[in-house]
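A, B, C and D are the chain letters, set down in written order, and residue numbers restart from 1 in every chain.
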Amino acid sequence: MKNRASVISGIAAIVFSFFVFVIPFLFIILMSFKDRQQASLRDFSWPNGFHLWDNLVAVVSTRNWMMVTAFINSSLITVVSVTLLIVLAAMVGFVLARRKAKWNGTIEFLILAGLMIPPAVVPTIWLLQGLKLFGTLHGMILIQVAYNLPFSIILYRAFIATIPRELDEAAIIDGARPLDVFFRVILPLLWPVTVTNIVVQSVGIFNDFTNPLYYLPGSSNATVQLTLYNFQSQFNTSYNLLFTNILLITIPPLIVFLFFNRQIVAGMTAGAVKG
Amino acid sequence: MAGLELRQLRKSYGNVEVIKGVDLNIEHGEFVVFVGPSGCGKSTLLRMIAGLEDISGGELRIGGKVMNHVEPRDRSIAMVFQSYALYPHMTVYENVGFGLKLAKTPKDVRDQKIREAARILQMEHLLDRKPGQLSGGQRQRVAIGRAIVRQPEVFLFDEPLSNLDAALRVDTRMEIAKLHQNLGASMIYVTHDQVEAMVLADKIVVLDGGVVQQVGSPIELYQRPANLFVAGFIGSPKMNLLPVTVEAVSDGKVTISSKDLAATDIAANSSGISAGETVTLGVRPHALQISSSATLVGRVALVERLGNETNVNVELPTGGQLMAVLDGDQPLQIGHGIALGFDSSDAVIFDGEGQARHL
Amino acid sequence: MTMIKRRALVGLTAGLLAMTGMVGIAYAQTSLTLFSPNDQAAVAYTEAMVAAFEAANPDIKVEIEVGPGGTERDNMVKSRLATGTMNDVFVYNTGSLFQAINPVQSTVDLSSEAYMSTILDSFKQTVTATDGTLHGVPYGQAMGGGVLYNKRIYEELGLSVPKTWDEFMANNAKIKEAGKAPVIQTFGDTWTSQLFFLADYYNIQAVEPDFAAKYTTNEAKYAGNVAAMGGFQKQADVYNAGYLNEDYGAAVLDDGLRMLAQGDGAHYPMLTFAVGTIAQNYPDLLNDVGYFGLPGNDAAKNGTTVWMPTALYISANSPNVEAAKKLVAFVASKEGGCDPWVELNAITGPFLIQGCELPASVPTAVSDLGAYFTAEGQTAPALEFLSPVKGPNLENITVEVGSGIRTPEDAAALYDEDVKKQAQQLGLPGW
Amino acid sequence: MSVATATEATIGRGPVSAAKRETAYPGWFLLPAAVIYSVLFLLPTISSLYFSLTRWTLFDATFIGFDNFAQFFREPFLIKGLVNTVIYAVVTSGMKVVLGMALALLLTSRIIARGYLRSVVFFPVLVSTIGVGITFTVLMHPTNGMINEGLALLGVKGPGWLTNPNLALFSVALVDVWKGVGLATVIYIAGLVAIPRDYYEAARIDGATPWQNFWFVTLPLSRPATATVITLSFIGGLRTFDLIWAMTKGGPGFSSDTIASVIYKQYQAGFFGLSTAGNVVLFILIAILVVPLTMLLNRKRGHE
């Protein structure tokens, strides 16, 4: 049924999307090929020479291989906090969706508050310090979990409400204990929303700029977003390296994207929309 | 062995009492059906036995032991749900074996039990499939298989046939009956379909409004309904119920009449009934016959010719309706007069409280 | 799981390092961390200086941590000090921002160190806490804040260095006729917009010598004070005359310097440290760039506003104060504080340590600046080194004035209001 | 696992039956999340209510009552910041709804290269906000930025996207939409594919035009998706900070300041009490706008 109109509108859409969505990325790539002088012009031009490798080496080795540390740190923070988020949020969503308790209203209020209230930074720093968590990866992970829990819970709760309760009951009759019901029966069924959670939260946490800036000082604690500072100072900016850096830190989200591309829509159908 | 005893079992949600003190004995190996209209509390009662609902009051014993606070997995029960509740992410094999796995049954024993259950249910070829790839009937089998492998003392069925089409429902009903014979375990079966109840049950429990209306064998319920509710609920088409006036009372006999009905003697427990009182006369449609010594005269309003029998809807002169099921094919014309009679021993008198006055 | 693995990895690495360390060095090492700004010149200097220091003190190891610059840095320094997580030694502003970190409590008192006598008084007053104690040593050189200009344009058009604002505007008119941008502005880096305002302080002081003291005690204001508003007025003048480069709103410092060096623009109000960037990017054009102080209204009172360098401080929480003091002493010496700059050829202004001479060949702009130092009374420190009061929103206000969004009068009133908050926060008397 | 067993044992054999049926959904499932959330989020938030009433320097906090709030409302830029915040949130969420719906309709139709288009629209969602901000700041340069150079080829003189004070906020909002429309689109696609085909078939039998199809079937039935998109992007718009900071830092002057950036500036300047008070103001603003909005969206949904 692919008629002429759909081909024409398709071609129009492809051309339009190329200009709007592809060119900015092409620009990043082109910039990362340039040398410093040419890059400082910041125009959309063909690179004078192939400097990508030099730029990459410069970006990665700057400040005592800070980029490597940053990648390790960011990956650790992302993986651990997303794992925690998934398990904890699913547990809360499960109990919240299933159990009619009088404090459900309070919990829902707190979740909504968490979505809305901007975190109070300085008091949090003081608190982290008191807990000896300030400037540690553990502290950063817990902060990310705390800040992102509400959104994950909302996604999960909406989805769990669509899973028939008879499944839990069948499992109970089969002899499942609460942890069995949750981990063996419910959690595997949440996969579509879990994908949504993985994509949205891991990208959000990996790309988080503000929170590591406050809660994770110290160059040994650098995260990838902070590496952008290496090439953008108050006094001068190395645009070739800056854009090479942007290119480099876009790779992990790209990988996540390639992995889950097909499942993202399914996850959304399952989770967000039914709410 | 494992009989069930329910003693004054109660369930309330806040101030609302949904099960109002149920007493019931179920012998080992008995097939008991809970029947009643939706909202009567039959499913709640089943789930209380399963351990899925708290027991607010009273006592539940299985095999003589009090089970009120025992976890479902320790009650020696298995349950088949209305929606089958198969785990969508597991294969049939895993679904059936899940309970055994949780009970840490050794793998070879587990395998043997799963295959045995599959053999009984003739679903060996389905073991590697996921529930999503099965038809409704196949899912039903898997759900039953999952119950069988647990080798429970009591099987609980919660409206297990309501998601199947009519033909499959009859087949599966028979299979469940066969299964009961083969396994010899107690089965408690919830349905709102009185035909299913009549066909399957050794004992039917009729529930309404959280109260047991009557317990008995299917025939008992059919022939000697305890009250108007049971009379109306059991039997298809429904029993005809006519308001009548008591003309005279003697021991073991009540004489009644109405504008549609000449004075008739009915055998009944007459104590407490006095002349002039209004009572209800119950006559099964099958008990009505075309008769020359007619006691009821009306006009044919509707005819359903089924071949072996004919259902006739009769409009009485006072505006009342009667349903009669006549043997064989009866060539009746709509609008023509019809005269019906019944054997007074087939009729039941219900007093002002709706209680049957059987002798 | 991953955490454990990582720890193991770190442990292993640490173990290997320790082993190799033991082979090389047989005695105990103190390890210091130094928090340095991230601009290239500072990083290059820091690395060279640390290398020299470590060579002279093999028992001390200095680890450099580079952080962001500008206000982000102020913020980080403050929160690290507040939370006790500051590095052993750190580079931070002098003058008003120095007062904001509560130096008596948060940094080590260096008043009694011998080298303090070799540091120029003009610098010392910018690291003096309210109780009179000294807390830092210069980390770099003084800078002029005025106008960098392109000498080639001046030669081609036969212009001479202006002594008054009117002469400056007259020059601009000719430059514009010649098809060049008379004044370069680069609001893409917002802080650069403040130069007109800040560099005009010499001219304020020429008229009102006690402005800074009165200002600190809330007796002097900008609004209604024609002399004090001069900076805003000048910025508005060049905007209204249409003398700015076309992309002034988005250009950044790099662009401004390129336009200046390549002769696309004639004047760039800037600090002389920028000469370092020109030296790096356009070495051939370095000596085309000259410097003069922002002109006032009186040719007889011509001079320039001067900036003190940032300073090196020791955190009060440092567990290695002794080692840190050695490092600070090194930076306060000619070997540590001056020679590396000279070797890096990164001279942007005079040193503030006695005995440090500028090398014979310095960039033209720097020697132009030096000329003001040789004559008496031709320099004045910027207001931020004389008064702790500086409004946090100044750079936004100057962008507005420089883009014609806000009139100078309005800006002065707004800035007075902005300043009040800051003074109250500092708990200054009279506010 | 041992924890579970222990819990089971005590509840299962205990004399109290009240909690028994609930054992599959034990309250302690909430505990880890509750602890993390309360300690790291609620506690600082609640203590910020106190700190907002103090003049808070690095080392001590002096109680000054509501002076901070008074000061905050005297901030000449606050009213502008408030207005900007609301404009930004309305513009971004509005555009995300309209464009997200349009793109979703396009990408659920039988268009060629649908997979490619979906990917390309969604990908910016995943890229670092700071990176996007830096890139677009460069692309939106008034003279040698690629956007204006492109416009020049068409003979149009492009505006100073980020340097024109009347335009800067909208330019940032535009980039926000560029980056975020992919998420809105995916949510809408999900909403559209969930609409049963029956409705369209019924509409077709009733002789509906494509426009009527959209207006009477698609639009009302994708309301849950609309509610999600609006809520998420509206809250996000009100709180937005990263992108504005990366692109304009609230400038030129104060023309693209939002409450979040005003708060951040107070924080940067060391006015911790004032900044915390700003946080409280932002929270109240969000509550005032979002709570009725969510109620409205949910109520309408309830009617169907």
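The criterion applied here is as follows: a residue touches a chain if its C-beta (ideal position, glycine included) is under 8 Å from a C-beta of that chain, and two chains touch if they have at least 3 such contacts.
Keep in mind that what you see is a predicted model, and the values were worked out from it rather than measured.
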Chains touching both subunit C and subunit D: A
Centroid-based (C-alpha) most distant chain relative to subunit B: C
Mean-CA-position distance for subunit B and subunit A (Å): 56
Subunit A and subunit D, separation of their C-alpha mean positions in angstrom: 15
Distance from the mean Cα position of subunit C to that of subunit A, given in whole angstrom: 38
Contacts with 2+ other chains: residues of subunit B: 51-52
Residue numbers of subunit A (touch at least two other chains): 122, 169, 171-172, 176-177, 180
Per-residue overlap in subunit C, given as positions that touch at least 2 other chains: 72, 82
Subunit D residues within the subunit A interface of the complex: 1, 3-5, 7-8, 22-27, 29-30, 32-34, 36-37, 39-45, 47-48, 51, 56, 106, 109-113, 116-132, 134-136, 138-139, 141, 144-146, 149, 178, 186-187, 189-191, 193-194, 224-225, 227-228, 235, 239, 241-242, 260, 263, 267, 272, 275-276, 279, 282-283, 286-287, 290, 294
Subunit C residues touching subunit A - in the complex, by the definition given at the top: 2-3, 6, 37-41, 65-70, 72, 76, 79-80, 82-85, 189, 191, 252-255, 258, 273-274, 277, 281
Complex contacts: residues of subunit D adjacent to subunit C: 55, 57-59, 71, 74, 76-77, 137, 140-145, 160, 162-165, 249-255, 265-271, 274
Contact set on subunit A toward subunit B in their complex: 164, 166-167, 169-177, 180, 184-185, 188-189, 191
Subunit C residues touching subunit D - in the complex, by the definition given at the top: 71-72, 74-75, 78, 81-82, 100-102, 105-106, 187-188, 190, 246-250, 392-393, 396-397, 399-400, 403, 405-406, 414, 417, 421-422, 424-427
